[in-house]
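What follows is a pair of complexes built around chain A, which joins chain B in one and chain C in the other.
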Partner chain A sequence: MAQTPSVAFTVTVANFPPTWQTVPTIAFAQGVASSVSVAAYATDTNGDPLAITKNAAALPPGVTYDAANKRFVYDGVGAVGGTSGHVLTADDGRP
Partner chain B sequence: MATGTSNPFNVGISNTPTFSMPSVQDERATYTLWGWTWNEATANPVYDSAARGPSNPNYIIANPDIHGDTECDDVWAYLQAYLRRTSGREGYRLRAKGWRDYYVNNFNPGAPEYNNDASFLYDHFYGWGLQQYATQFSDAAAGAKALTISTALHDWWAAGGRSQSGNWPVAGVFDIAHYGHRGPSRNLHTAVAIADATIASGTPDAKAIELRDRLIDLWLQSPDWDDVHGMYWVSQEQMVGYGLIPPLSYAAGDRAVSSFHIGQLAEAFFAAWLSPTVTAGRKTAIRSKIVAMANYMLHNGLDPTYRYCASELGIRGSGAPWWVYSLTAPVTFWDGVYTTSIVNLLVMGYKLTGDRNFLDATPGNNLYPAKYCFNRGTKSIYSFTDTTREAPDNVAGHFVDTQFDSSTEDVYLAHNKSELQYTYLIFENGGSPTVFP
Partner chain C sequence: MTHTAPARDAERRAFLRLLAATTAALAMGGCTKQPVGLDQAPTPPVVTTPPPIIPPTPGVNAPPVWQVVPTITFAQGVASSIGIGGYVSDANGDSLTIAMNAAVLPAGVTYDAPNKRFVYDGVGAIASTSGVVLIANDGKG
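For the complex of A and B:
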């Protein structure tokens, strides 16, 4: 019986950049300490874990961005107010 | 590195959450966001006949069966349909006015429709639409009747209300969902609207404020709240009334709830949560209840086989969920339309937590978010099949306030007497509802 020769080859899967769903206005209730996760707004086609960082736009006093946990945190103390121009960047760590 | 950036967005702190009814343009934008197409003709109402259409300025509501036929505040529903549009809306205004005229002129103690529903524990008394109509059109008579309805509810509850005890029911003791949720939900919704309106006008109505706060406390402390599952269940007596016992057994731990009753409760709670005059403590507790109920419905709202909710659903003593249409084999009927009843509640879960699972998680594995429930419910066909659908998954079947039902004597909005009342939140900001944790 004839042997069928085999050929070894490598398949390289293209790395796609992360994509975003629309991030809505985030409005905390004054006096109520709480947090909002933004992790689910970014997805990676390749399934890579994503780091999410925020631009330099100033947050209202009492609100911080927790990059390690991918969430905005309100301390419940900050006064009524708001700021705009917040942009998040998702990075899959691959070229 | 491969990166992607989000849209620019706002972050704020507010002392009063606000909400505006999304427009029909928001509904279009939502469908676009989802990649759905639609027939633009379906964005417009399809009136049942010319006599009851926008050409008739004398549209009249006469002798409606308030208890038997209505499941929505029709003044509210038609007013929202009017406000959602900038053109082609006169018919909706006339219908809102027709219902307004009925309530102002005919809905009085002694009238058959009034007395009949009063005998059923005031479970179809509406007042928030009439109050909004009064505010919208500076209609003093509408405002006065809304206040009269609220006062009647107050006096009834002060004399025992659903407890029929002769005194205000006691929070923490009285099981407010005993006979179902819709009555005390609508009573609360009315009280919130009248309390806020009278406070805003500088003439606070003490009875409306007392009714609102007592009903909130009765709900928040009700013994029929199940903290493990995050749901208010009806009583054994009501399960018998629903025809669920047998095959279910209250003694064995089986519990039940009506899906659209929960939709009504969610609306009342949301109104209280939005109210600028409800205390922060009550709002925090209301928020917790809304999120818990949304979480229950996210995981247990739809039968995973047929992907529809049901008129009644619940848990068995074993903890397994059930849906009335598939409770016994063979399954021959599906309550698809009730699937829309939980859409707003799920959106509230998202708005109050920021957890995107509530809004548009990939459906399956006991996770059925608002967008999926909207898709399933709005395109279900009232028939003996689970597979016939009004439109494919990527096509909008119709806009949510455009179809009518004249199967009873009067004309009502179709699909549980107004699909809009259960679904409008999903259209906020064109399908990207504001998060307000």
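For the complex of A and C:
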């Protein structure tokens, strides 16, 4: 029989880190209480549930980041304002 | 009738001489106008050699040939399969069976020989196995 072996290779089951799409500017209408979710901007190939935390950059008055629900919330009262330098970090809970 | 014949012959000979002279002049002119002289090396033609095509020799079996198989990676938690049939070919067009060596695959991963693919159940934990070798057999001696 004509038999040919392949070169040895590796088979692996692996964890993939979360990946981000670009998060656009999060804009609220001054005077209108509302929230904007950021959950959809981070995905995980393994389907792991992700925790999303925010850095310490100060938000405009009346805006908070709600980590439990992965969203920014505006109270409808805060004045017009804008801040930059916000960074979200997604964690899949795996090493 | 007869007295006119020498005159026509003379005319014919004169015409032929004129024609020969004209032809020679044109030939010389053609030669002197050629730009390539003895002191100019002619440009050798560019010869491109096509890659050799080695057809299977009639009556002789060619064994299966493997490409390098890359690392086969499954995402933990996601059931899926990865075919490996495309990494091996046979010049004779023989149908191939592909067996795997005795390497122990990560939990939840199996080799599905009939379908020439690795299958992951989506449950097995993160793990890695090296030294996996597939053996292609064309069924011919």
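Methods note: the second predicted complex is superposed on the first by the 83 of 95 C-alpha atoms of A that agree within 3 Å, B and C clash if a C-alpha of one lies under 4 Å from a C-alpha of the other, contacts with A are read in each partner's own complex, and residues count from 1 in each chain.
Please note the rule applied: a residue touches a chain if its C-beta (ideal position, glycine included) is under 8 Å from a C-beta of that chain, and two chains touch if they have at least 3 such contacts.
Computed from a predicted structure; not experimentally measured.
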So, A:Ala68: does it touch chain B (first), chain C (second), both, or neither?
neither
Comparing chain B and chain C in the superposed model, the one touching more of chain A is B
Q.
Which partner chains sit in contact with A:Ser34 here, chain B, chain C, both or neither? Use first/second/both/neither.
A. first
Now for A:Gly81: first (chain B), second (chain C), both, or neither, which partner does it touch?
-> first
Request  = Determine, under the contact definition given at the top, whether A:Pro5 touches first (chain B), second (chain C), both, or neither.
outcome  = second
Task: Name the contact category of A:Gly47: first (chain B only), second (chain C only), both, or neither.
output: second
**Report entry** Which of chain B and chain C A:Asn15 touches, first, second, both or neither
**Finding:** both
**OP:** Look at A:Ala56 in the shared chain and tell me whether it touches chain B only, chain C only, both, or neither; answer first, second, both or neither.
**Re:** neither
Going through chain A, the residues touched by chain B and also by chain C turn out to be 15-16
Listed in rising order, the residues of chain C that touch chain A in the complex are 61-66, 68-78, 87-88, 101, 105-109, 118, 120, 124-141
Touching chain C in the complex, chain A uses residues 1-16, 45-48
So, in the complex, the side of chain B touching chain A is made of residues 1-15, 17, 33, 280, 283-284, 353-357, 360, 429, 431-437
Touching chain B in the complex, chain A uses residues 15-32, 34-38, 40-42, 59-60, 62-63, 72, 74, 78-95
